[in-house]
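Quick one: the structure is below, and I'll ask about it shortly.
Lettered A, B and C in written order, each chain numbered from 1.
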């Protein structure tokens, strides 16, 4: 009897694995060899509209210069989660994430070779953004700067810095303002940040979730948002919201990289590299600007000077000693952010 | 459920006290029915109506456009594929498991039953996580899979596995009580008369469990179509490739395309309603058949 | 116990297939979770699961799941009673609706419940007038979990109620017991195992629920952050060891709940059999 069970188990095992193998082969053979490239771009949440337009432009550009076609598959989600999935086997040819720190996680998994930061111009950061406030029309709570966020009756919406790349920029921008305001008195800065998060009504896991809470479900008085997210909401509901630029904010530099291990396996290095390179072309820079990302190309940026507040005072991540240091101090388990919520700081 | 009418028949035939009691408690009856209806309307019907009204907010043309979108189509296809796989695998499994558990005595039966039920109470997030740990790049067998071009996580097989997992006990759970209730006398008699295992199953057991099996299949299909958490962890959200309907809803929602999100949700609602109708019909036929016998 | 001779054939085949599929789908993947956590020392695991935020998430998850399942236990009995004992128009429709939470994707449920119960939503407006916020509070989580858990108690109590022999009730009635007494003394004891089973299953399911809750919860640490979200957020920080440590605790809880449920169910099966 025992032997029988064993044999049958083996049989069933074979059937099930066979079936799943069949399915996977089916999906595999789609990417046929005859010079039709198919690449996957794993990106973060707010770039959905940007890459929808850019992919069209790139397809045209590539197919005009090569006798092959290219299909681009998009994946969007929280930046950290996306990086993790790539590290775990999501076969991305390129990653275009919210933070250098997230791309580094893919590097740490052995998929991207060190030195990727210098592979493309400007620290592999083709467009930038910053953090602004989105308030309800007429600014009824009179919010103009970071200090106003902790006024008594103000409800703030921001995502959770533990899970959202954008929220980390929000937090650091607030920190930078408080540092200037309180002359680097760290305890006062922490008090301010603690007070700020006491005013947070909904702490969504991602930037998009926060926008939904604020815009669709009417929560809170002010949304700390990516500049491009704020503009998008404004575009959709011009009569309901306005943007407030605080006196100081942070230069958010999203990072892009080719996933070396995957492109070498798929033979897509050339098209993947060109895909990221073309992000720096004037056409792509203009697309970035149209989607409310700040183009890194100065001439193109100037074209959008009526859209962006170019006089905004921006700190960068280097003012925090780089991502590793900032992450360790603020966002790691038991870091300052945790302590703020535990009321121990 | 087949017995429900019989129960009432008996109680109506019963003379005396209970008859009076039933009449006397008309207020209680109305109250209880009222509570039930209000509860179900608020908790179940309103969310459904919300989905439908939101999806038609911008008119039927917009609705049709989002429902026939390319990404939606591929999501429908993938969802149906995963559902079919889940139903087939779980049916085979459910029949075997129910037979083994109810027809034989062996050590560790309680443990086995608990293990079979486990997926219902395991968080979908953990369900996704365990497959990532087993088949993902971190895993020891990943090099083997990669060498043979087998993609499991962030590909269709992973989605199927996750779907099978979350619906795992649905069919066996329906079958086990029925098989336990009908007992083994008939089957034992047939076996002693020399009938083979498969004949016994086909001729004696199957007619008893037919409706329970169908009911299980329906439930399994329903749950398989709607699974979100586990699939979300495993899918990688590759648009047009590994996006099921519930994930597509999430993506559209994140794109701030609320109307299309609700429109795609309405497809799932329609599926759900069809399934529930099929379920009711199955149950009805099952009862009629039983009454005839 | 004397070893029983197996008269009915098919043990090898059915057991083989059962174990094989069980292994691939459930056991091996779960084992890999255990193997992964085995890399951590006990003190590491303890350190992770006793973090204040993690403990708070356990508290939120347990509390909301318990309240939601308790509501469902009461409503489940009422619904089962109404569906079995009474006849009224649209009864079949009502009966058919019960499985809706199984059939409706949790994400869809979450989105739709959130838009209903937000301050601007249809139900949320009514409660907002009374000063009660539902969406983005624990109440919102409880609402979502009630939705998820509805079918469990109804569907476990219903068959027992159907097979309950009305003779006992009649006898009690003849002996002069009031309806309340009949219910408490005669019916409830028979239903109790089924109620506990349904409660246990609903509780287990609610503890792990993610899809519908994240939309409505607000996800504030220490207030509305549930344990599955905690796992998700550890994963997003690449902290696999913390994620798996928390997952292991949840897994153990799930296993324990089910084991208890199955113990109760064995009794339940006897009642079902006896009633037949």
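Just so it is clear, a residue touches a chain if its C-beta (ideal position, glycine included) is under 8 Å from a C-beta of that chain, and two chains touch if they have at least 3 such contacts.
All figures in this text were calculated on a predicted structure; none of them were measured in a lab.
Q: Give the label of the chain whose average Cα location is farthest from that of chain B.
A: Max centre-to-centre separation from chain B belongs to A.
Q: So using the touch definition from the top, which pair is joined by more C-beta contacts, B-C or A-B?
A: Of the two interfaces, B-C and A-B, more C-beta pairs touch across B-C.
Q: Roughly how far is chain A from chain B, going centre to centre by Cα mean, in whole Å?
A: Averaging C-alpha atoms per chain gives centres 36 Å apart.
Q: Per the centroid of Cα atoms for each chain, what is the distance between chain B and chain C, given in Å?
A: Roughly 15 Å separates the two chain centres.
Q: Mark out which residues of chain A touch at least two other chains, giving numbers and ranges.
A: 16, 87, 209, 216
Q: Tell me, which residues of chain C touch at least two other chains?
A: Within chain C, the residues that touch at least two other chains are 11, 13, 15, 17, 21, 115, 232, 235.
Q: For chain B, write out the residues touching at least two other chains, lowest number first.
A: Residue numbers touching two or more other chains: 89, 138, 161, 253.
Q: Give every residue of chain B touching chain C within the complex, in rising order.
A: Residue list for chain B touching chain C: 1, 3-4, 7-8, 10-11, 14, 16-18, 21, 24-25, 28-29, 32-33, 35-37, 39-40, 42-48, 50-51, 54, 89, 92-93, 95-97, 99-100, 103-106, 110, 112-126, 129-131, 133-134, 138-139, 161, 164-165, 168, 177, 180-181, 184, 187-188, 191-192, 196-198, 200-201, 219, 222-223, 225-229, 232-233, 245-247, 249-250, 253, 261-262, 265, 268-269, 271-273, 275-277, 279-280, 284.
Q: Looking at the complex, which residues from chain C come into contact with chain B?
A: Against chain B, chain C makes touches at 4, 6-11, 13-15, 17-18, 21-22, 25-30, 32-33, 36, 75, 78-79, 81-88, 92, 94-109, 111-113, 115-116, 122-123, 143, 146-147, 150, 158-159, 162-164, 166-167, 169-170, 173-174, 179, 201, 204-205, 207-211, 227-228, 231-232, 235, 240, 243-244, 247, 250-251, 254-255, 257-259, 261-263, 266, 269, 272-273, 276.
Q: For chain B, which residues are in contact with chain A within the complex?
A: On the chain B side, the touching residues are 85, 89, 132, 135-138, 142, 149-157, 160-161, 236-241, 251, 253-256, 258.
Q: Per the contact definition, I'd like the list of chain A residues that touch chain C in the complex.
A: 1, 4-13, 16-17, 78, 80-81, 83-84, 87, 105, 160, 162-163, 200-205, 209, 213, 216-219, 331-334, 338, 341-342
Q: Touching residues of chain A toward chain B in the complex: what are they?
A: So the residues of chain A touching chain B come out as 16, 19-21, 23-28, 40, 42, 45, 48-49, 73-77, 85, 87-91, 109, 206, 208-209, 211-212, 215-216, 232-233, 236.
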